[in-house]
Amino acid sequence: MASTITSPAAADDRVSARSVGVRLLSRPEIGSLVGAAVILVFFLIAAPPFRDVNNTGTILYQAALIGVMAVPVALLMIGGEFDLSAGVAVTTSGLTAGLFAYQLSLNVWVGILLALVVSLAVGAFNGWLLMRTGLPSFLVTLGTFFILQGLNIAVTRLASGAVASNSISDMDGFGSAQKLFASEFKLGGVTIKIIIVWWIVFVAIAAWVLLKTQIGNWIFAVGGDAAAARAVGVPVRKVKIGLFMTVGFFAWFAGMQLLFVQNGVVQSGEGVGKEFLYIIAAVVGGCLLTGGYGSVVGGAVGALIFGMVQLGVVYAGWNPDWFKAFLGAMLLLATIVNLIVKNRAEAR
Amino acid sequence: MTTTESFASEATNSPTTPIVLLEDVGKSYGNIHALRGVSLSVRQGEITCVLGDNGAGKSTLIKIIAGLHDYTSGTMSVNGEERHFSSPRESLDSGIATVYQDLALAPLMSVWRNFFLGNELTRGPFRQLDERAMKRIAGEELTKMGISIPDLEQPVGKLSGGQRQCVAIARAIHFGAKVLILDEPTAALGVNQSGVVLKYVVKARDAGIGVIFITHNPHHAYLVGNHFVVLKLGRVALDTHRADITLEQLTTEMAGGSELEALSHELRDLAPDAVAEIEDETNTGEKEQ
Amino acid sequence: ACSSSGGKQEEQGSSGSGSGVADTPRMKVALITHSGPGDTFWDIVRRGAEAAAKKDNIELQYSSDPDGAAQANLVQTAIDAKVDGIALTLNKPDAVIPNLKKAVAAGIPVTVLNGGLDSWKGTGAIGYFGQDERIAGQATGEKLKELGAKKVICVIHEQGNVSLEARCQGIKDKFGAVENVNVTGSDQPGTEATLTAKLQQDKTADYVVALNAGVALTAVKAAKTAGSAAKVGSFDMSKEMAKAVQDGTVQFAVDQQPYLQGYLAVDAIWLNKTNGDTIGGGEATLTGPAFIDKTNIEAVAKYAAAGTR
Amino acid sequence: MTTTESFASEATNSPTTPIVLLEDVGKSYGNIHALRGVSLSVRQGEITCVLGDNGAGKSTLIKIIAGLHDYTSGTMSVNGEERHFSSPRESLDSGIATVYQDLALAPLMSVWRNFFLGNELTRGPFRQLDERAMKRIAGEELTKMGISIPDLEQPVGKLSGGQRQCVAIARAIHFGAKVLILDEPTAALGVNQSGVVLKYVVKARDAGIGVIFITHNPHHAYLVGNHFVVLKLGRVALDTHRADITLEQLTTEMAGGSELEALSHELRDLAPDAVAEIEDETNTGEKEQ
Amino acid sequence: MASTITSPAAADDRVSARSVGVRLLSRPEIGSLVGAAVILVFFLIAAPPFRDVNNTGTILYQAALIGVMAVPVALLMIGGEFDLSAGVAVTTSGLTAGLFAYQLSLNVWVGILLALVVSLAVGAFNGWLLMRTGLPSFLVTLGTFFILQGLNIAVTRLASGAVASNSISDMDGFGSAQKLFASEFKLGGVTIKIIIVWWIVFVAIAAWVLLKTQIGNWIFAVGGDAAAARAVGVPVRKVKIGLFMTVGFFAWFAGMQLLFVQNGVVQSGEGVGKEFLYIIAAVVGGCLLTGGYGSVVGGAVGALIFGMVQLGVVYAGWNPDWFKAFLGAMLLLATIVNLIVKNRAEAR
């Protein structure tokens, strides 16, 4: 009698098996992958230079420029928050390194380290203020967005007397740093910028962290339902601040790329508006704006879609007046394909 | 059989120091004073039932112990130490596991991830999630509760109400250490599953865990409780041991002390004419709809 | 961890245009442009204006907003603040002119700089300092013909901007084989990728004309990445641009002397206020175009390095 | 008293056409076939109880009738007409009011706004909201259910679980026209409030409304039901009239037909030693932990 | 006996009375009002021209430029959605009226009507696509944002051969239309632009609709919990499409204002980025980004705060390099004041 009650529930015959294919199809990034494939095929047909494998490097570079920052932005979005300051934070990082090294005539690497500290501090400040005030992250990071934008210009002008940082290209350590952040190499005829390699490495690590570690589980949880996560003991505060600091870290990296790809000069007005490109990449890649759902790989695919469309229109040689209209139509196309794939997967 | 019997009375009479002790605790939400001067003790191997009307303050009480809210007056001590939990993590670290009435599950996360949320198993030098082990354990625990969840990868948001509740309960029981708090755990559960949960509660008690059990079902309460606390409008209206009360009295207290002729119908095996009796009342009632 | 080369330590003493300060009464002049923040070109304009202000004992208030209505409202705030003169750009003439007229009606002398050649007359403004963008473009077209270009790509870094469109249109007037491409000016790496793609797509292009210095330098890099032999010409100067012209990586720069625009626009107000002068005699005072290439860069490079050219 | 008696049997035997008739209805969520070949009829003045284990498909069934989901096979007719509701509005317009298990309240809106959501009272030529009337009515209805909500302007999200449930029930009862569907309405309710809800259900039936009542409490079901449908894994396992079944049989069916010695304990007035019996089972069970 | 059960619940003595003051304090817009007051006082002290009552018109005008569109954007946000195309839709409206009237040499009013039709259609399209695809509104309206931006430029160039529309200032009906949309009048020394009047009218009507009508109730409900609203019979689809069409209507109005304040010429590239100013105004005014909470008056106050800060910095004559930094700091200040007020109110 007792065994009847503790015995396992009667076998449930209501579930038809889902093939591995269908299981795969229900991953958040798959829809955007199919969307990317559609866009790729489209441009392979419409834009002859797209077919030239040598141009792959250019397309990947365009994607990587958004894609690197899309990694932490996707993580942050899965964790339920926004960072509107992500775009200008990149400029802040580049400026910090450039101005600091130049003004104090220090080895470039010292400036790089200082920029890292500043970037992490900006992220930590965002996260701290968010948790401290309970304001929506849209507002908090909007504040830092404006503040950083202002500081970028004002401090640069104070230090260098102009609206760009002074060139550090002839200073000690520049060469080695440039090699790390902004060199390029040939791979069978294709010129590959090193940022593409870094991008792939970052995506791989972040995807692994998100799906296969405790931290990743917590990120999903704080984004899906912060109250529930807190109730079962997830350190919501730490996770969110950590996410903002991750954005800081990546902003540092992107800032260094910006600095060294431009021969050691950063324009202080740069970066405004980029935050939305990162968010767009993450959303196109299947991240939910409300948090709790998404994938890092999806964010990368979103960046790829965006990069392909941007350059595809150029490669196709279309009238540039229509550029934005094409871009919009393509984005809609990619996301609707995304949607159809998802619905198909769920109906099976 | 005798073991339990003696255990129950032992617990009732034992002078062991309480694991959780609330003295004169109050809690206000802005202008609403949800709790006022509540005292309560939770002892090892004892089931404390907290009963009371809707909105009496039961959930508020347990949220204080679970570290979800801080109290605004009085003192709470855990393991003899006075504590103000600033987060549920602190409560969990003191060995208190809670099943909340509103469940605390992340709806978009899969069943097994929810089950282990905050207590993930890891392996290897990189502390990678041990998915296989977690899925196996989650599946086993849920099966033991007598519910079948077709697919552990399913997001919790797509489960039925009872299935969700089972996930929360199974989790708390699996991780419960010293104190187990259950806020209306059987509310959405089927007859079968309710039985299993009650059994688990008793088992937890016998393992020396202190249990706080909130329910609206006097039968469930009387079946397992050693100690009954009835809240009314945020105050303790009754605080008694099992030995000192009968089911009828308890039911009366739970219904707020009002006359219970009518309600007791639904608490007994009734012949069809019971319907008519209720009917009668309706006719005498003055509601016009 | 000090650097053995570069850095501030090697910076040369900057050349000031320092001369005496006028003993005329202190005045307040507002300079209101349509610039976005952090733009090198406008930084030079502002420097010119500040130099004039310093010389003329003027307190200069700079403000800018790329949005037409907002710029117009900035003019209104200057009127509200009862400044003694307003120097403004008229790149969005229809939005700004109503308030310009108000300023004039309030007795505030107004000068126009940089943009608005076609619309400043009749508004009551006392002078115009800038270049005719279309003519500058046309001159560039002639220059490209001279240089033997066959196919030109004109890079617009702010889509829908009237002056930029006019430059490309001017080139087209005289040259013909011109194709426009849009980039986002404030995004250098993105600009580089887009231009690389454009040059990969159009292998016949042998000249890229950028409409500001930053984009031109990016275009040089893009041409290298794309493996294209295309040469680069540019509008506007900067420190880096001067170096690029010296090195021969940029063939020429069409200079409109932004420093001069800012300087004259402010100085004209002072002259008007203190001496009733008007510059240009009711006609526009053109500050460009002047072509700077290898032949004459030496004369300019020094000033570009100081940030005044 | 006799009236009801005869009414109940009348309903049982009456050949009135059902208001809602489901024939062979099935529903799949992707690869999960939640309902298969379910037939059910709801008649005027009759209470149909739908019972079953957690995850059996009860909520899915009523969501189909409420127009929240469409069915994927079979037919549903309402008032003799075959219907596929494309939205709950259509169902409401056919006179079907529903209390959902997950409540369907907007957490940030005030109690009275939630009460009248979708059925707002307006006045004046500009069809302005009649706030005064709405607050009054909402207050009255809630008071009648025996709960006190301190402030009708409070957002629903701040109410206790049971208070929220009362709001949803009071609303459905107030607006119910021909069919009233209640999905586990008493789950979070106190003894007092449960009694009130049951009384309302009976009263609705007597007013000629067809009621679908979902519960895990066989007492509640047996107390008011004319007709019982037990679902098991998405299929109808039992479909019977009150006359043809006893409470014991019903309880057995609800628990999935398993032996119920142990569980029946909690359904009767028990002496303390019942605890020991449950204890016994636990010991025979093979769980380790 | 029966009466015992049906009798009213025992009187609840746990609730201490809340004074009218505290009740008022818990309205969503009050926090931002206090924030606005703080900013006002700040600039009254820091910027002398701010004290001149004659300049009020300028400040209000600046606020109205954002505020008019903040009205429907706040409503939409309360209804749980975004519209990223709101900024360029204004330009689209102005261009449509201008180009159409000019090219076909019609009475200006015909162009105005056509612009209304187009604007409403854009809104309806946004709403329809949103409901049809179930995509997040961020993505859908991002698509229309790019498409409209592209069309604005491309169609303008096709029609007028330039990047601005042809002037219609000498055409029939221009004068009367300008009077309606972009005139100004004196009110005791203060020049009041008519858009300020319209703004106040719109805010009043929208606030009334939101708080006092059935539609308003539904807007809160679809934003707070669309599933719950649908379950109780609220026509979620219609409400959301209606909200997008409301944005369309206001975009039409703002477009007409743009057209007639600029003497019948609209630049095709204008409007980009403005959508965020509207969103900022709504959020600063206390609207929840996730929907279900907020107020129209709050949105108006948000616009006022933004306008005051923008002009206050100019009036104060501060170094414009620091402008953005001030703006950010002020925004943070205003929202933190907002928060403190709210918390105070709730704790009472």
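We call the chains A, B, C, D and E, going by the order they appear; numbering starts again at 1 in every chain.
Simple rule for what comes next: contacts are C-beta pairs under 8 Å (C-beta built on N, C-alpha and C of every residue); 3 or more make two chains touch, one makes a residue touch a chain.
Just so we're on the same page, UniProt names per chain: A, E = Xylose transport system permease protein XylH; B, D = ATP-binding cassette domain-containing protein.
Treat the numbers as computed from the prediction; the structure is a model and nothing was measured.
Engineer: If subunit A were absent, into what connected groups would the remaining chains fall?
Structural biologist: When subunit A drops out of the picture, the chain contacts still join everything into one piece.
Engineer: Please give the intersection of the contact partners of subunit C with those of subunit E.
Structural biologist: A
Engineer: Ranked by contacting C-beta pairs, which pair of chains comes out on top?
Structural biologist: B-D
Engineer: With centres defined as the mean of C-alpha atoms, identify the chain lying farthest from subunit A.
Structural biologist: Comparing chain centres, D lies farthest from subunit A.
Engineer: With centres defined as the mean of C-alpha atoms, identify the chain lying farthest from subunit B.
Structural biologist: Chain centre farthest from subunit B's centre: C.
Engineer: Return the distance between the CA-based centres of subunit A and subunit E, expressed in whole Å.
Structural biologist: 30
Engineer: Express in whole angstrom the distance between the two chain centres, defined as the mean CA positions of subunit A and subunit B.
Structural biologist: 44
Engineer: How many Å are there between the centre of subunit B and the centre of subunit C, using C-alpha atoms for each centre?
Structural biologist: One centre to the other, that is 73 Å.
Engineer: Return the residues of subunit D touching two or more other chains; collapse runs of consecutive numbers into ranges.
Structural biologist: Answer for subunit D, listing residues that touch two or more other chains: 32, 144, 147-148, 150-151, 192, 195, 199, 256, 258, 262-263, 280-282, 285, 287.
Engineer: Multi-chain contacts only, two chains or more: what residues does subunit E have there?
Structural biologist: 5-6, 10, 12, 14-15, 153, 288, 323-324
Engineer: Residues touching two or more other chains, restricted to subunit C: which are they?
Structural biologist: Touching at least two other chains: 37, 159.
Engineer: Quick check: in the complex, which residue numbers of subunit C touch subunit E?
Structural biologist: Contact set of subunit C toward subunit E: 37, 61-64, 67-70, 73-74, 76-77, 80-82, 92, 94-95, 97-98, 158-162, 165.
Engineer: Provide the residue numbers of subunit E that touch subunit D in the complex, in ascending order.
Structural biologist: Listed in rising order, the residues of subunit E that touch subunit D are 5-12, 14-15, 23, 212-214, 216-218, 220-221, 224-225, 227-235, 288, 292-293.
Engineer: Which positions of subunit C touch subunit A when the two form their complex?
Structural biologist: Within the complex, subunit C contacts subunit A at residues 1-9, 11, 14, 36-40, 43, 156, 159, 180-182, 184, 186-190, 192-194, 196-198, 200-202, 214, 225-226, 239-240, 307.
Engineer: Taking the complex as given, what residues does subunit D use to touch subunit E?
Structural biologist: 66, 68, 87-89, 92-93, 98, 100, 103-109, 113, 116-120, 122, 126-129, 131, 143-144, 146-148, 150-151, 153, 171, 192, 195-196, 199
Engineer: Taking the touch rule as given, give the residues of subunit B at its contact with subunit D in the complex, in rising order.
Structural biologist: Contact set of subunit B toward subunit D: 1-5, 8, 29, 32, 52-56, 59, 101-102, 144, 147-151, 158-163, 165-166, 174, 184, 187-195, 198-199, 202-203, 206, 216, 218-220, 222-224, 242, 247, 251, 254-256, 258, 262-263, 265-270, 272-282, 285, 287, 289.
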